[in-house]
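Each of the next two complexes has chain A plus one more chain, namely chain B in the first and chain C in the second.
Then we have the complex of A and B:
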């Protein structure tokens, strides 16, 4: 009996030792993850505060009052003007347009890959897509300049105000953005669709749905949160893209003359990142703060996009 | 199974790529090795080697020369580490003023009325850069433009090549961004102090010299400006300005106006590695490099011409 109790003691002892050890490693892991989380939050807030602080300083200059109301950006004139509406319009238009083009294409591709494609097509296409996701933007921009722009010049010359410049501007920028964000959106969409439980498909088919009805009424709504994330990831990449887009935009600081028309897409034009890329390194004073402010505006716009997608996702039928 | 397949496919793709590269490489492999400029003057010079780190940056026009000189300097003097950023003249001056760079390369003199804080920068003039007005090959029959014609084009008054003796073709005007050293020189000495004011559909902006070359070559009826060296290397069509060719003899006498002095600004007087390197760039050791990149020597230019490019001091 005595021996028995000693044995039990020993077992208890090693067990508690093991528990203590695993509890310790638990705490270490907890600490490490907490530090990582804090670091990420600190970096994000740091960027927000830095950009916001530097950007908002431009409004100390009374001439900067027209930032959100004017399209006249002329910081080096005798009477400086800081109207950034043209830049903002450029970024929003190209981003929205490319997203509108990409979304149905990407969803169709993703549906094909997850619901219809034979396995070997999947194994072949997935790696290709993933390689495409990481395509450096300078490569795409260069290809755009060499291949896309001359081609668009020929195509759009009849409707462009200047035949020689028909290939550059918002039109070319939109095509570049479509090429850049499509793989990202498709990739994330596939993951979202794959995450839909098989039971959803089976239930839908059991109720007598055709394949298309199953996709439309069961799979897509079930994956809506993930699909919205895919679109937002694409949008944020599109709005932040500078180099490739700048190479084919070629505008200075002015929106095209005259009322908004189709021709605006086929002549040199502007957006936020192009302005920052071209002028930030040479700027000083209020102008420099103005480019910080433009960067801040970009952040705010992406933030709004994300809010919008969260809202859409929250209305999902499956929760 | 799935992952194995994927790995197999990626490996196959990589293998195919490497075969392709090897195939292409064998054609050109022989020529690339020997193209480094030979430092022939090394034995005759008595340059003082300095050790340490040196950050230079700024002008994209002067950049290639500084980069090549940095490479040659480091080859000769072990322990020296020189970096060069091509960020634009304004950024170079700002870097030198704020201390992030030890040497700021600039195409133009510091403008103390615009940036009074730059009075702490010391000017080291190293070479003369020659620019050129270049046009697209579709523009036949135009070999010369007067300053007035160029000014009309860049202020939007002339929009068709017919008006300056060319074909009936719309002029597609290409600018560098405001603040570019090349653009400053162009506005100051070709447009006579007028700022570019052309805008609209036929006007576009190219960020770098490379973009300028691609655009001038591809855009029908295009006109732009860049360094003579770059225009030559990209086979662009150079026009005369006021009947003068963009050649050394015309620059020396300032008959050809589109050139400028290249500066390497330092905060205070240059010392140590900065001084040694600047002396190398402008001295006899750098002569072959200057020639290779299309720069002229300051000593070759007449003093009248230098004076014409030097801003008059305000007081006295």
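Then we have the complex of A and C:
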């Protein structure tokens, strides 16, 4: 009897010990997981703080006042000038132009693949789209350099100021960006279109509309938020694209001479990422902070794009 | 159509006939429009697909002769990429070794522990923002923090840590999806047997979510292999004499940087000098 109760006591003791240990390990695990989750917030804050701090430090130099107003980037001159408007213009022009080309093409592909295509088209194209979404940008840039640029040189020689350089510049960069962002925009658009419930299509067809009317009047409006998100995501990718675009831009630090014309698209030209890639490594002082500032500008632009896409997505009906 | 025509011609007043004619015209017009639109969509898709296939075929035709040539993977000389492939694999393996536990932990926290609230919203927003940060900007950040402030210089370690920042949001989302797909009943079953939460996650959730987790690892691996812009200012673009070591403190390149480096030779001399000078400092 007495031995029994001692035994029970011991069992109870080990049990509670085990419970305590498992509860303790649970708490430790909880803490570790929390720290890892917070880490991602710390990283993004760190990016903003470090780049912002280093970038904004350039404005201590009075010569940097024209950063957003001048296109003259000449940090090594006797009277240095830090006008970055040319770089920003380059990024904005190539991004907008490629988005304008990609949007109708991507929507058409997504509509065809979700609404009309026979099954084999989807089984063939989906993996290709996935491959291209993850394609190294350098590969596209490399192909652009050895295939697209010689071809464009022949094609655009009459309108370019220098026939030998006609293949590089904003024109080639736009084509590269189109190839880079098309798969992303198509994939996200397909997801958006697939999220529209079948009942919407059936209702429209039952009212007697043709396939095209159904797509135009029922499916596209219903998926508009998702489609807009797709375009914004494509723009986010386009504005930050560095190596592929840099390989075919080949500009230095100046916009082409003369007034804006078609010829601007077919001669060596500049954008933000190209400037950072080429000149950041040997820069120092205010010039170096200038490249951090350019990076910060890129960061702010893509942050605004992300906020925009979140806002649009929050208004979408079907998810 | 022919039945309608018969009806309209055999019986009905002139107004009726007119109305039927108008309807027929409308139908025909709509059908023509439908066909035109369908054709345009099909042609656009065909053009896009053609573009992709031409690129793939071009890569295969020009690339396969080298891929099957063993000399291509040699250690040194011109036109060989042995060191670059080794570096790419090195960065891939070690960045995944760091990435998987951290991203998986964060995903477990978000799925299993966190209550819906401002913290989860902030974390998700941070992840989305980080996923949208251009990789070149991440490279600048990595240069500032890992190379300068933490003093790792241009090294594989800086590159691995930068790749962690780059891949964290992607892996987090994929891991979260994998964990969420585990059925609720399975979790409740585990908890009902009296296991603690962490024990339940280890023994019930993680094994069931394994396929999804592997998918996430593979996808993030693809991103590591493709990445170049984030690594140019953190890993460098030139190789020391012997890259076949596990030393994380040396500055190397990888395949993608190598391609970029070779195709921009005119300018790259400066960057090589920069790499060397930084490398000598440490």
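Please note the rule applied: the second predicted complex is superposed on the first by the 265 of 319 C-alpha atoms of A that agree within 3 Å, B and C clash if a C-alpha of one lies under 4 Å from a C-alpha of the other, contacts with A are read in each partner's own complex, and residues count from 1 in each chain.
By definition in this document, a contact is a pair of C-beta atoms (placed from the backbone, for glycine too) under 8 Å apart; a residue touches a chain by one contact, two chains touch by 3 or more.
On a predicted model such as this, the values are computed, not experimentally measured, just so you know.
J.: Fit or clash for chain B plus chain C once both are placed on chain A?
T.: clash
J.: Looking at A:239, would you say it contacts chain B, chain C, both, or neither? Reply first, second, both or neither.
T.: Only chain C; A:239 stays clear of chain B.
J.: Touching A:262, do we find chain B (first), chain C (second), both, or neither?
T.: neither
J.: Counting residues of chain A in contact, which comes out ahead: chain B or chain C?
T.: Partner with more touched residues of chain A: C.
J.: Applying the touch criterion given at the start, work out whether A:76 contacts chain B, chain C, both or neither, answering first, second, both or neither.
T.: first
J.: Let me test your reading of the model: by the given contact rule, A:281 touches which partner, first (chain B), second (chain C), both or neither?
T.: Both partners, chain B and chain C.
J.: Quick check for you: in the superposed arrangement, does A:159 touch first (chain B), second (chain C), both or neither?
T.: In the superposition, A:159 contacts neither chain B nor chain C.
J.: Classify the contacts of A:40 with the two partner chains as first (chain B alone), second (chain C alone), both, or neither.
T.: A:40: touches chain C, not chain B.
J.: A:206 in the overlay: touching chain B, chain C, both, or neither? Say first, second, both or neither.
T.: Neither partner.
J.: Quick check on the superposed pair: does A:145 touch chain B, chain C, both, or neither? Answer first, second, both or neither.
T.: both
J.: Does the superposition put A:132 against chain B (first), chain C (second), both, or neither?
T.: The second partner, chain C, only.
J.: Run through 62-70, 188-196 or 224-232 for chain C and report the one that clashes with chain B in the overlay.
T.: Of the stretches 62-70, 188-196 or 224-232 of chain C, only 62-70 runs into chain B after superposition.
J.: Overlap of the chain B and chain C footprints on chain A, residue-wise?
T.: 124, 145, 246-247, 277-278, 281-282
J.: Could you please specify the touching residues of chain C with respect to chain A in the complex?
T.: Answer in residue numbers: 30-31, 33-34, 37-38, 40-42, 44-45, 47-49, 51-53, 55-56, 58-59, 102-103, 105-106, 108-110, 112-114, 122-123, 125-130, 132-138, 140-141, 144-145, 165, 168-169, 172, 195-199, 201, 219, 222-223, 225-229, 232-233, 256-257, 259-260, 263-264, 267, 270-271, 273-275.
J.: Could you pull out which chain A residues touch chain C in their complex?
T.: Contact set of chain A toward chain C: 22-23, 25-26, 29-30, 32-41, 43-47, 50-51, 54, 104-105, 108-109, 111-113, 116-117, 121, 124-125, 128-129, 131-132, 134-143, 145, 147, 179, 182-183, 186, 210-213, 215-216, 233, 236, 239-243, 246-247, 273, 276-278, 280-282, 291-292, 295, 298-299, 302-303, 305-306, 310.
J.: Show me the residue ranges of chain A that touch chain B in the complex, using the header's touch definition.
T.: Against chain B, the touching part of chain A is residues 76, 123-124, 126-127, 145-146, 149-150, 153, 160-165, 168, 246-247, 250-254, 256-257, 263, 267-268, 277-279, 281-284.
J.: Within the complex, which stretch of chain B touches chain A?
T.: Within the complex, chain B contacts chain A at residues 2, 5-6, 9-10, 13, 87-91, 94, 115, 170, 172, 175, 177-180, 199-207, 211, 214-215, 218-222.
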